[in-house]
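Below is one structure, written out as structure tokens, with a few remarks after it.
The first chain written gets the first letter, and so on, giving A, B, C and D; residue counts start at 1 in each chain.
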Amino acid sequence: MKKIILFALPIFMLMAFTRQDKVKVIFFGDSITQAGVNPGGYVKRIDSMARVQGKMNYDFIGAGIGGNKIYDLYLRMEDDVLSKNPNVVVLYIGVNDVWHKASSGTGTDADKFAKFYQAVINKIKAKNAKIILCTPAVIGEKTDGSNQQDGDLTEYSKIIRGLAQKNELPLVDLRKAFIDYNNKNNKENKDRGILTTDRVHLNAIGNQLVADEMWKAIQAL
Amino acid sequence: MKKIILFALPIFMLMAFTRQDKVKVIFFGDSITQAGVNPGGYVKRIDSMARVQGKMNYDFIGAGIGGNKIYDLYLRMEDDVLSKNPNVVVLYIGVNDVWHKASSGTGTDADKFAKFYQAVINKIKAKNAKIILCTPAVIGEKTDGSNQQDGDLTEYSKIIRGLAQKNELPLVDLRKAFIDYNNKNNKENKDRGILTTDRVHLNAIGNQLVADEMWKAIQAL
Amino acid sequence: MKKIILFALPIFMLMAFTRQDKVKVIFFGDSITQAGVNPGGYVKRIDSMARVQGKMNYDFIGAGIGGNKIYDLYLRMEDDVLSKNPNVVVLYIGVNDVWHKASSGTGTDADKFAKFYQAVINKIKAKNAKIILCTPAVIGEKTDGSNQQDGDLTEYSKIIRGLAQKNELPLVDLRKAFIDYNNKNNKENKDRGILTTDRVHLNAIGNQLVADEMWKAIQAL
Amino acid sequence: MKKIILFALPIFMLMAFTRQDKVKVIFFGDSITQAGVNPGGYVKRIDSMARVQGKMNYDFIGAGIGGNKIYDLYLRMEDDVLSKNPNVVVLYIGVNDVWHKASSGTGTDADKFAKFYQAVINKIKAKNAKIILCTPAVIGEKTDGSNQQDGDLTEYSKIIRGLAQKNELPLVDLRKAFIDYNNKNNKENKDRGILTTDRVHLNAIGNQLVADEMWKAIQAL
């Protein structure tokens, strides 16, 4: 009898582990996150780090679509995020809201960015999922403040920092992390090639930096 | 007994009239609709026309906010429209989606305009309200096709016409109506002053034209 | 003695023909003209037509640079045009002045377009060269007026038509010619592929149409 | 004999002073310089400082026109500057080249900004006038790098600094001076009201700061 119980416990634990206790983490964002699920991408790297550390109770899911802005997330969040009952949603958005002002005249006004961002937070909260906010990293890696949209991207990052504080949510400040890294490692003031391939999308080091920062925040929840 | 019945009937009718049978029409849009509820505005004019014609069973409500684009309607439609249980929603939006491309770099991409517009339609349909679509009228009244954003506004109007057809919804083609009116009445190729005060917002004649077209469509439902 | 004179005359004439009497025509413009000197390009086609017709006394020179707007022409006209002592300058510019408003926020204001255009005309006139003006053809070939920048391109074409009239200069109205051609030959309302490869740059038929129109205007001088 | 000489000298000196030796300084720029000649403006302040210091041999002339970009200066420099035979030209331009990208889609590309700027320098040099370059100060006074166009304005300032070095010309680095001043005096991170009235145009303190910096540079020639 005792033996049976001893044997049964691990089975129960395993079942619980695989079926009930897995922490579902959805990364919700734009093309950076869409690429994040590819080999070498930041989502894949987080998954690998978790496995190496023996933390098998996570399910990491990418929900990134190229060109997305905050209001696109709001439009598709029911289908792509909430319907999947996530435990954690990592919000990583904002580059296109700024970038598209210059490239196609279809960026997002700052006040509306804040309004939609809050609405996205509200909907995730209502589903009792935890939320991690991220600032958009860079549009250009030059360190002397001369990337065309540095000012605007800093402004939108401030909006997100403010929302993290107001909503008492953890923040992964990628903009700060990227600028700090570049200040140390981009002495030649290059506009790409340090953490990005093309001023915006992540190279291997950039993906790893994002993965490290997010994985810390996920574990700290 | 008969007398009592004769007396009772009007009371019953009056009750039904005020409490159950009023058709609630919400005009959902931007600054043009926001101004529409002012004296002389198109919503007020529809209300007056209905009363003059003895059609008292309508409740006309303006839900316009300056600067709104299609995605702003989507964000606030629960609070400002659906929660009020409308019988009819008149959708009159699109000018800012085009205009803000040139004025602040924050217009709406055509494909996203279509996507959000369809999402707004879907939500209204799900509440069993009737829907009337409108094309955005003008950004500039010149008749020789040389208003800066004529091409884009025509494109977005085509998107709305397509959505009306696809969703089998009545369409008030204000863009066509305004162009037809200007072709007849704007021989001097002025950019404002015929139906608008400032190339976009309606003067008295513009408000009356919109009121006439919408009132026809509302009665035809 | 007589024989020598008879023999000398043709030689003199030939010398005059090759050295003094050749009509130097410079096509001054943007990437469309830059491509115009390639095989199949409109400048090459004009050259071929002239030769076939036995009109050997022309020297056709392309002076197009990609991305140029009216003020770029003004900046480089001394070096690239006036220093070559042209007899005729064909001005074919305007697409980028409009296009770059939407693509990079660096278009040209209409009033400054007119001002620089007049300044370019004045400088060519001061060198006693003849001038032919051209309207910019298309940014998109759709025939229902729904190409995004149709309105603005029509406005800038009107400015050029006005300058042609005011300065009493011949006009090759390419915008009109392209729209007329598309109205007849683009029943499917395609945005490219009729006279352009990519909504702006000319395919073989487009190059031939431009060549035909310009060659007529050059001969009519 | 001696007396006559003693008497004659001052007359000669006075004549030289008023007719021949006056240093003609032209301030060449946009609306900031246009306002600079008004009471309290930076040109008027330089004039006053010179007089107070007894330096009467200067003639300060404003040549600013609202909305001007570098290519507008190039277009009108013959009429408004060179024809007046200046001894010194102070070039103060660049705000609109950046600003109009966001406000009307008609800014100036960086490479063309550099090209026209060099062309303006060349033309002034050819007239043997001395040149002082200035960086554009601010579009927004926030000190945390979040003014929308901070990045771009810094980039265009770098272009001007590079041109000063390449052409061995004195530089008044107004962008640096304004940022330094704000870092000390704008602890509340306001976007206006420290040195500007409206994020761009100068208040009294801003006009005095510009006057001080320029007056130093003029005297150092």
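Operating definition for what follows: a contact is a pair of C-beta atoms (placed from the backbone, for glycine too) under 8 Å apart; a residue touches a chain by one contact, two chains touch by 3 or more.
Every value quoted in this text rests on a predicted model; they were computed, and no experiment measured them.
Over half of the residue numbers at the interface between copies chain B and chain C are found on both sides, making the touching surfaces mostly the same.
Between the two copies, chain A and chain D, the Cα superposition rotates by 180°, quoted to the nearest 5. Set against one another, B-D and A-B show the most C-beta pairs in contact at A-B. Between chain B and chain C the centroid-to-centroid distance comes to 46 Å (mean Cα coordinates, whole Å). Centre-to-centre separation between chain B and chain D, using Cα means, comes to 52 Å. Between the Cα centres of chain A and chain B there is a gap of 40 Å. For chain C, residues that reach two or more other chains under the stated contact definition are 101-102, 104-105. Across the complex, chain B is touched by residues 101-102, 105, 140, 144-152, 154-155, 158 of chain C. The part of chain B that touches chain A in the complex is made up of residues 71-72, 74-75, 100-102, 104-109, 112, 115-116, 119.
Interface of chain B with chain D (complex): residues 102-105.
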